[in-house]
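Notes to accompany the following structure.
Note that the chains are named A, B and C in the order they appear, and that numbering of residues resets to 1 at the start of each chain.
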């Protein structure tokens, strides 16, 4: 059966078409590359400019590369504290949510029990409800528990939110995995717990890394929870610090740009570090080629 | 098959609590920090409350008012219109890019992947700053380029233009979301069996065919996750509007979450805001349920 | 195994962060131009027997503002050895979102900055979250030093329903007024003088247009700048303060639908369409607009005195002046939009209200006012015989003093009902965008106002 193919053309034409094809591929990739990288670079560069220079030209380079803004953001604006706080909040959230999501995703995907659909549906509720909806009762709950204005006030709710998506995500991934692996291991006498950690997880590392990166980004960039549940400067996280540069009437854009770059860099670094996991060879399924 | 046979056998003899044990820790967090507050929100929606003074029970008055609330209805319509920019466009773009990025001999694959994800990684405050600058009618790159190409008549006040603001914001949404979809899809692609592609190549299939008949079916569960979560994102959007137009010009870009925020934090009508939240969630629930059922049906027929 | 690798990674990451963040939490280096000898460490409170802590929330987040606050706290602590001030600076949006919840909790700040208006100060008064300061005002003599019109704006009846009477809840220390920044050199080059009547102002605009210079730099992407512009035109048309007083204090004797307001709306629409404002102003943000002016575009900028500090960075600063928008020639008088920043008030849950009042007294004092002025901020506190070298600031202070002597400090009309801010920003954008007519605009705003009156039980 012949499907659409280029084999029937002469070698010369087919090579030209190939070339055009390759160029088209790179062209498309480049366009999207530019649309994301250029704005980001511009912001990073804007952090070195003065306010006036910003309005003078879209793509001009600053006359003086003012590291001032970056240094000021780090020290004067306490970005070093906020950075530390963001890490203290993000790391436990990612680690704990990862473990819990793997466990519950596994149960929903591969175990049969009466309340499967119902409970899963309830978990999904967690993704659907907007934060603004429950933030005020959450605040009062934390006050009642005596936890508000502590790191827990930011960590615990974030775990709750992450776990909803994580369950949804891992369930989907586990459900789509080839059954022979699982069956083989059951034959070998693995119990339910071992099947998960010794067989499924090593093969799901790509999905798990993806999930962890997302958890990290969402927690790192969270604004609302940190804003409402804490008030001390010593607990503040980076996004709150950024919002500071937007005063009552004006915003100090170069300062914001410098701060924004500091805030965005760790997520990029985390992504870079984790994405090596994405491309590691996995037992089933590798990149396909031409 | 073995797993179900084993648990099935267990079920006959005693109630199987294993699944519940696995789910319990996650559920506990969810229950305490999300479900309970949500139930409280539901309760508040029947009250008139400022958030810090005494509550006054008003029954369904808030909901009755909501049905006639022009701002809310306009917002809801906008949320639905945003689905195009949050869901359809990003998914299509991500699918195409996934196919392109999965080619074996691609140079710079990692560089491209990181760059595509950049837009999703940035905090919304930054996205707002970036795009306000891009759309700036006086010195932003968009209008500057248009003017230098002699197309000055196309140089509009994008975010302030009554006809164009919505689309302008929509484009930002697509820009943010496609990196997210792409990451989901790339994770799923890893799982597809190489042999499927080999079989297709042997039959002489070209790229398009491979994309449509091997890749897409193979990442169906990731697509469904992307579909549901981006749908929800479109219906829940807040940050993006807050940092770009705050609902303007006029009420061109107002969305339900923004109206919720205004009621809860600026006008001190927490009860009314709660009602908005409940209706918003109900709508999201309906749509998601519908979507999930359809994709589950496809999965089980696998 | 992969989990081990992950843990390793996490540990390394955390370790790196720990090291990096170990730069000792340096106290904010005061960038204040006021005191050259900036101390390296904050003054440690004398280890006395009992240390009382006073929690303060304010929104002075900009570096120069923070410097003033830190200085003030230092002086206060020096004068009160057993007191420690714990200060939290919060941006305006933060403050609005979190203050209500904080005031209700047991952990409430003692002193906080509160926005005037019904949704904030009024609502807090109604919920009994604030301590009335009438007794303190008597004790410290605030009434003598505080303009009467401002006292009214910061007073609410005990049940929180009427502004302007009853309990006095807050003292703002930073003043502001709306006026016109202008380029002296551009005016000179085109034979223009500072206008003394509104007609002269409009004539100047016409002249500038013929010369191809943008008369007024303006950006309304954020929605609220138009409120100030509109209100100023409104004030010219009104020519007296009676209507506005009744409007803002919701006496029930007036509403928005009057011919003067219609004329103001028509004028604004005209300006939007005939090139008085810069092109594509609807898509330009407030910050971008003033930056453009700062960088040399246009001839005038109609906005608030709060920009004086930021404009100091302009290469054209020597040539930038400020004048209050002049009244209509016949009326000879007009209000000017102005007022103050948020007010310092005392939480009802404060355990040290007397101490809190003393702190506020420090804030509202001659010394602080002088420091503020030196740093480029306009204080509410009336300073007499002050030498100001900075030309722009001198213009602004002159304007503020004029407003006080002629009793013409005006209002921000978006305070008047809880929903007015949203209504008027949207309606102004629609008016200027040609989506609604001036008559429809008046109707929309009036609708909101009347509904607000009804909600209060006033017809």
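Operating definition for what follows: contacts are C-beta pairs under 8 Å (C-beta built on N, C-alpha and C of every residue); 3 or more make two chains touch, one makes a residue touch a chain.
Note that the structure is a prediction, hence the values are computed from the model and not measured.
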Original post:
When the contacting C-beta pairs are counted for A-B and for B-C, which pair yields the higher total?
Top reply: A-B
Original post:
Of the other chains, whose C-alpha centre is the longest way from the centre of chain A?
Top reply: C
Original post:
Approximately how many whole Å separate the CA-defined centres of chain B and chain C?
Top reply: 37
Original post:
Which integer distance in Å separates the CA centroid of chain A from that of chain B?
Top reply: 14
**OP:** Enumerate the residues of chain B that touch no fewer than two other chains.
**Re:** 51, 138-139
**OP:** Check each residue of chain A and list the ones that touch at least two other chains.
**Re:** 55-56, 136, 243, 253
Original post:
Going by the touch rule set out above, which residues of chain C reach two or more other chains?
Top reply: 97, 101, 288, 292
Original post:
Which of the residues in chain B end up touching chain A in this complex?
Top reply: 1-4, 6-8, 11, 16, 18-20, 22-23, 25-27, 29-30, 32-38, 40-41, 44, 51, 93, 96-97, 100-106, 110-126, 129-131, 133-134, 138-141, 144, 175, 178-180, 183-184, 186-194, 197, 203-210, 214, 220-222, 224-225, 228-229, 232, 236, 238-239, 257, 260-261, 264, 270, 273-274, 277-278, 280-281, 284-285, 288-289, 292, 299
Original post:
In the complex of these two chains, what residues of chain A are touching chain B?
Top reply: 1-7, 21, 25, 28-29, 32-33, 35-37, 39-40, 42-43, 55-59, 100-101, 103-104, 106-108, 110-113, 116, 119, 121-138, 140-141, 156-157, 159-161, 163-169, 172-173, 175-177, 179, 182-183, 186-187, 192, 195, 206-207, 209-210, 213-214, 217, 220-221, 223, 238-239, 242-243, 253, 256-257, 260, 263-264, 267-268, 271-272, 275, 278-279, 282, 284-290
Subject >> chain B residues touching chain C - in the complex, by the definition given at the top >> reply: 50-53, 71, 132, 135-139, 143, 155-162, 245-251, 262, 265-269
Subject >> Residues of chain C that touch chain B when the two form their complex >> reply: 96-97, 100-101, 103-104, 119, 123-124, 126-127, 129, 220-223, 278-285, 288, 292, 418-419, 421-422, 425-427, 429-430, 433, 435
**OP:** Report the residues of chain C in contact with chain A in the complex, numbered from low to high.
**Re:** 1-2, 9-10, 13-14, 17-18, 20-21, 23, 25-26, 28-29, 31, 57, 59, 61-63, 88-89, 91-94, 97-98, 101-102, 105, 107, 286-288, 290-292, 294-295, 304, 306-307, 310, 313-315, 341
